[in-house]
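Each of the two complexes below includes subunit A, the first together with subunit B, the second together with subunit C.
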Partner chain A sequence: MNVREELMEILEDLHPEVDFETEDALVSGKVLDSFDIVNLVTELDDAFDIEITAADLVPENFDTVDGIAELIMKRMEDI
Partner chain B sequence: MLFTSYGFIGFLLIVLVLYYILPKSFQKVILLLASFAFYALSGPLYLLYLFSAILTTFLAGRYMGKNIEVQKAYIADHRDTISREGRKLYNARQKAKRKRAMVYAIVINIGVLSVVKYTNFVIGNINALGGQLTFLDIALPLGISYYTLMSVGYLVDIFRGTIKAETNLLNYALFLSFFPHIVQGPISRYGELSRTLCEPHDFNSQNIIFGAERILFGFFKKLVIADRLFPVVSTIAGDPKTYRGAYILCLMFFYTLELYADFTGGIDITIGVAEMFGIKMTENFERPYFSKSLKEYWRRWHISMGTWFKDYLFFPIAMSSTMQKFSKFLRKHFGDYVGKRLPVYISSFIVWFMTGLWHGASWNFIVWGLLNYVILMISEEFEPLTVKFHEKFIPMENRVYQGFMVIRTMIMVSMLKIFDCYANVGDVFASIGSIFTTGNFGIFTDGSLLELGMDVFDHGVIFATTLLLFVLSMIQRRGSIRQRMLALPFAVRAMLISALFIGVLLLGDYGVGYDSSQFIYNRF
Partner chain C sequence: MTNNVLDCLKLTADRLPDKTAFSDGRTNLSFSKLQSASDSIGTTLVKKGCKKEPVLIYMEKSPQQIAAFFGVIKAGCFYVPIDDEMPASRIDLIIKNCNPRFLICDESTCEKTGQLSFNGDVIRYDEVIKTNADENLLQTIHEKALDTDPIYIVFTSGSTGVPKGVVANHRSVMDYIAQLSEVLGFDEDTVFGNQSPLYFDACLKEIYPTIRFGATTFLIPKKLFSQPKNLVEYLNEKKINTICWVVSALTMISAFKTFDIVRPEYLKTIAFGSEVFPLKQYRLWRQALPDTSFTNLYGPTEATGMSCYFHCDRDIEDGEPIPIGRPFDNTEVLLIKEDGTEAGEGEEGEIYLRGTCVTPGYYNDRERTDAAFVQNPLQHAYPEIVYRTGDMGRYNHRGELIFLSRRDHQIKHMGHRIELGEIEADVSSLEEIKICACTYDRDRDKIVLHFVGDIDKKTLIEKLKGLLPRYMLPGKVINLEEMPFTANGKIDRKKLEEMK
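Moving on to the complex of A and B:
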């Protein structure tokens, strides 16, 4: 399973009712609230062994699945 | 100087004239001098606090900005000679230096805020436990709670790399001291405000008209509604032994309305004044009293404060490596449910405690913050049940149920708000409890409500203006009212503005020896 697929699985577990493929305002549109974001970050930390900090919480990184996947890959490269 | 004073209107007119008739290169300086003058009027010595906040955070920001440049230059120069590990180590060292600078500046400024705002609160608590300390003769400098948060946000944003450090001291000083927002916010972000604040602006009659309309509406809310309600609220909350039961329901309604008119009116004036200078500020409210839950309410009321606490306190705590490790530990020993929830609940607890404390150095505000926390966490825990309930019984889209949710939220919010009004927490709980035990509902019909500081005419004004605010909020759901007014014929528009102006003149709660009461949020 690649990063994107694994991420989609985590997101769908978090909010089964959201169509993450088409949603492009996950954070700025408040689809994900603060609790969701913290839980998502914990899941990502677990699944990919990466550290995401509060500084990463900008819409570019968290508004779309592609943005999150890109952030994950960037953090994985940092390790 | 109060926004609703004649002195402020005169001050604003002079600054506006100078701003637009002098060369554009002077605009920033004029705004800065005006802001310092405005601030000095609250007590010239308080300027020292403001200057110290400006200098310490500007210098720390400059240091971080320079450090980033040095780091980039070093990496570029040594691209071919430095290993990946060496680069990471160097970057980590530079980041640690920036973090130190940021932490020092934050500690200094939060330290100053803590000393001036909380020392007497701490002394009071120590004395209550048997201590005999003397209270300090120390006053709260104007806007310190607001500009401290703005300066902390500025430093954290530089550290996170979301903004570049300001290199011009005047620009930064203007950001922190800008007179419309220093007294009661919004808690502006440097990244959002600095450009519009510091760039030159041409005279634009549209800005002046829009700004004046917004200011006038702010005056209307403050002078006609909030100041009219002030005596009733003071009377009821000032004598908790006499005013119990149904009076508390009145207090909840009147104070909720007063606070809305006072705070949103003040922010209308702030945004309107800035607009007259061509400066666009972010909105601080989004029809908060139409919220269907407390969670939604906090996304729509005092937005700049909520997002500040979320971005600069909640996320850093909840996402810290300590909290992540704690979460892992909990999941290992207590399962996924506890591991995911508890760290978030602990972070939220800290945030709501601090939100309460930020509002004021009193147990009332701390308890108020924690009650908000408790309700929000209970809602969070019950969310799966709520979803099932709506799936099985009443769909969320049901308009009647939505109305019920709005009213339920309003009752909750108004009950929480009255913590502001009383001298101590015990009085608040006793007063709320008395609603269910006193049974004096006859006061609604026997004329007792006319003995609280508002006569029949005042009640009529409050009824009509509440209705007006409701209707305007409904219209606002479909977009900016002022934009819609532009589509009206000039004569109709002029008539509406004149009506509002006459309303402020005739219905404003002036009286003999008039002295408009302080904006409630100024004291925070």
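Moving on to the complex of A and C:
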């Protein structure tokens, strides 16, 4: 399973009712609220063995699935 | 003696008319503007014939919403805040419970009022504040007010699926604010950063000390609570020195290593609610802010707000919960065992609260009021109502009160008090559901819904969104072939908890 697929699985578990493929304003459109983001990041850290920190937690990184996947891959390169 | 919250507002507005009382970054409301806006609202309500009755406040979180609260109190009535985040079905239950004749809305909620089951008079904030205030009229009402008159109703989760409306009055709020302010050292120089929504009692901690002392409260934009760096920068920019937040908001900052990039520069006082503060995160905060005071607070809505405190002025040992400490002055904790007698040293008992802070009870709900607001079990000579919290506690060897557990299925999740039974009642109301049960996964802070029935998770969550507030939605859904039962026929919750 690649990063994007695994990410989709985590997202769908978090909010089974959201169509993540087509959403392009997850944070700015309030699909995900603050506590969702915190939950999501905690799961991503565990699942991908990465460390997402305060500087990464900006809406730009979390508005689309591709954006989140990109952030994960960037952090995976750090390790 | 000042025994009416409006006296606090008047004294402060006379003394510091131009100082900012409440700000959300867009609107700054000074004390004199707060006073005049609420005078206009009060006057309008009285002239419309509104009297000693609940008034719905359906507005976006803003300084104006707080002005509406005080306007309602000035009319001798009590405010009932509802919010966009509440699903329509829950708002309808609230309307059904208090049967209000008046509702105050703003630009953002005006259109949506048509979707509510509300048939009364809809008043728009931006229009009503143009009304000329009739000071004599308001003065007459003020003079007749008693400190036992209600000032608001806030709704809290109820296990049968119907929320309970806790009614608080002038005296319970005045007593609470006096004790809380003494414990946390609020004064005119206090700059609050408010996190909690305005439709819970949690926001009393900022609103009422602000008008009492002439302090200032910033209503922090909700979106910042997922942007820790921007949040801390906001605290610094506004020179916020006092925060009373839910634990999850604090851990969000520490867990993402925000302190490596930026630190709060002005914070002197941090208070947190009755949730467990993970020790690792707590220590990160202490390390980052060694000169800041940290206080753990505990208390139920039914006793107005917080009732106990613990100043974290000693090291907390590994595995030790942060104590809830001791009651505020003028409040007593009774620890009562199952047989109705007082728990002895080191013994476990249910926490009962006694004092002026105990509210009159639940609105239009005699049965549930009588179950929780009961005669003091330790004396039977005269009528004295105390509040049964349902929380189990014990004193440690230092004499500090420790919270142990709940007597029932109530949980604390993201700062909200939730009856798992309420979620179950709503899930069961769906025809596709045969049986369901909720558990709480404390390690991952998730509400887990287990169900047997013919519905896919996506449709289920979509339907639940129409019934439950967002913070009550299950974080994980498990579809079971059959529900496990214990030998005596009850749902086996232990087994369910192991399934996570």
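By definition in this document, the second predicted complex is superposed on the first by the 79 of 79 C-alpha atoms of A that agree within 3 Å, B and C clash if a C-alpha of one lies under 4 Å from a C-alpha of the other, contacts with A are read in each partner's own complex, and residues count from 1 in each chain.
Throughout what follows, contacts are C-beta pairs under 8 Å (C-beta built on N, C-alpha and C of every residue); 3 or more make two chains touch, one makes a residue touch a chain.
The model shown is predicted, which means the values in this text are computed figures rather than measured ones.
By the touch criterion stated above, A:74 is placed in contact with neither subunit B nor subunit C. By the touch criterion stated above, A:53 is placed in contact with subunit B and with subunit C alike.
In the superposition on chain A, the chain among subunit B and subunit C reaching more residues of subunit A is C. Of the two partner chains placed by superposition, only subunit C is touched by A:16; subunit B is not. Looking at the shared chain after the overlay, A:38 reaches both subunit B and subunit C.
Across the two superposed structures, the residue set of subunit A contacted by subunit B and also by subunit C is 33-35, 37-39, 41-42, 51-55, 57-58. Only residues 222-230, 248, 252-253, 255-258, 260-262, 414, 445-446, 457-462, 465, 470-471, 475-477 of subunit C touch subunit A when the two sit together in their complex. Every residue of subunit B that touches subunit A in the complex is listed here, in rising order: 88, 159-162, 295, 299, 310-311, 314-316, 318-319, 321, 324, 327-328, 339-340, 343-344, 347, 380.
Contact residues on subunit A toward subunit B in their complex (touch as defined above): 30, 33-35, 37-39, 41-42, 45-46, 51-55, 57-58, 78. Interface residues of subunit A, counted against subunit C in their complex, comprise 13-17, 27, 32-39, 41-42, 51-55, 57-59.
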